[in-house]
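Report on the following structure.
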């Protein structure tokens, strides 16, 4: 694997291999890199958990991470992403993790640079390491993904998490369902009523209501959203026995999920964050090993 | 010590132990940590010296410091400080240094996270590592704190330095006096005239006039403040023999202190900065050792 | 060498020594530093390549680099650059790389601090490490600098690159010519027509049109500039055999240089970036060795 840009590029054995390796690393296996590599994390959108998770994964692998401040870079002088990447290639970087607001920002980069690229989220496109950590967390919980009933609730049309997870979960034979208002449905076949999915879901994954995208309209009420599409305490009481709650975070407490459920015993939200470090170690290790 | 949030939590032996250890580290003693730890410095207010001082202390202790850009984090998406801290806990951080504009931002964090917290300044509340370095610098100068006459001049009501220093210096039997305009007095018993305190002070500590807080009013004149409440050259000429000048910095030259006095032989302003590194090493070491 | 502030301070043997050492480092020679040093990169203007290049050079030399965010520092509270530098000296920094919008920001710093200073670009003044990497790239290409015909095209009056390169190239006996509109000429004796310089130039160096400075006027057209002063494909076809294209970057594709020429076989633009790392290693090594 030269780059990791989208879950669509990964076969079932590719994914299984990464999940297995992340499990070994979580169990304490040492990293398998022969030398130090130098990487940088180019985040053109704000991030705490994905960026810090990559930083931690890089430290644990013994990599050298060069800082990059998108808000104080030559991008401000009009430099294209392509020229920025070629510049960092010339400086000697081995791999770049990139988050960017544009869908498929990586078209025109991969194949034209010798730097390895890892997609940390592209616009409303893909977020492959988030998807891998979601799969890892589900597999850790249930042993296998096949036949698992997973409900993803929220703005699926604009969610790179929903898209990445759909691609991967369907490959593994999970039964993925969606729940959202009609205007957020996009090309997803989504239910509009919790009663259709609540009782038999093994995993209920809430997506963040994106204030910057949704909160502007005068007709949008967080209370109304919570009542109709959020995971309320009342609904949580009717979840299937053994079912778990997931969320890619950051969370809007009281909007897509009741405040009290974020740290409920059934919540795996912070477990997802913890697992993300091992998934990113596995991805970086796999890509960097391929450079020798 | 699990966390360092306020000088009020420290006993006299606690403080003495930290000052002693800082002295050993300044004299070249090696750090006493058995393993590497990973920390991050979360500064939600601008800072040069406190943040860089912690960064240097962390390097000297052999710690791994993950970057955190408050202005480019998920805080922008509305994530609460609590959720940010829990996320960094899940990612595997051992300790967080936090500076935040809210007084007592740490209420509701300590006791609910396994990450160790070090307060790098909370609003108009406390700034414990600054207070410890102030004490260290005075003790280095005078041998003991008991009976020392210390005058703190400036906006004591809103100063976390004044509050932290008051708590600690009184514990050690120093005689602390305050000087400021009536409207900045708060619950401090402050003089209004240099003549009441100038002649017998061993330490004269000036506080920064906070432009962002004080400079806005049309009736506020830096010249008038300097004349009445600043340490002028004329006043400095009448300081007690052996007395020293301190300031937590950044300094407004010509406002709370005459420009020429910042690097006067009696000034300990840059000595305070130097000592801050050893104090922060001692604090980090003490807290991290407690995690094993 | 205590500081590197301007090309004017360097003798011909100084420069030759740095170029030679950069060549050795590029060929794989190990760094010659006896101990670790701690440095910081203070960039008060946006930068990708210069800042990342210094960061990479510092890693390769085994230095410890403390982060500094100009946009989140005490500069925002009105702290002077002098006080910031003295603070970082007190914290224990060995060297500072500084980029600042003010011409000769370093006057009043050098000689008043024990920290070593490296100028990463001052306003419209000097950019010595860029100049050194330009010389290195030309020498690598042509063997020697003497007699080389170099044309620098663009806003030479405001370009720190043009000024630094002029000083150094003339010292080595190169024949440096300039091309630009009359209003950007400053004290340079510049041609106004490509025909005067195109046919016999060994090096054609384009300078970035600075949108923030030039693009504002309604009468400024990127197309017109490209036609008259840019390196068009048509002009490139008439370049001397063996001649090369250089640019300090970031590049405005289609303005000062045709898009297709940036990665033309004759372009050394990304080679310049690559070489910059070794030049900065040589500069840092030379300055830090002088501290022992």
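A, B and C label the chains in the order they appear, each numbered from 1.
By our rule, a residue touches a chain if its C-beta (ideal position, glycine included) is under 8 Å from a C-beta of that chain, and two chains touch if they have at least 3 such contacts.
Because the structure is a prediction, the values reported are computed rather than measured.
K.L.:
Hey, what chains does subunit B share as contacts with subunit C?
P.N.:
Chains touching both subunit B and subunit C: A.
K.L.:
Quick check for you: after a Cα superposition of subunit A on subunit C, what is the rotation angle, between 0 and 180°, in steps of 5?
P.N.:
So the angle, rounded to a multiple of 5, is 120 degrees.
K.L.:
In whole angstrom, how far does the Cα centroid of subunit A sit from the Cα centroid of subunit B?
P.N.:
40
K.L.:
Do you know which subunit B residues sit against two or more other chains?
P.N.:
67, 69, 71
K.L.:
Any idea which subunit B residues touch subunit C in the complex?
P.N.:
For this pair, the touching residues of subunit B are 43, 46-49, 52-53, 55-56, 59, 67, 69-71, 208, 210-212, 249-253, 262, 270-271, 273-274, 276-277.
K.L.:
Where on subunit C is subunit B touching in the complex?
P.N.:
Within the complex, subunit C contacts subunit B at residues 38, 40, 64, 66-69, 71-80, 83-84, 86-93.
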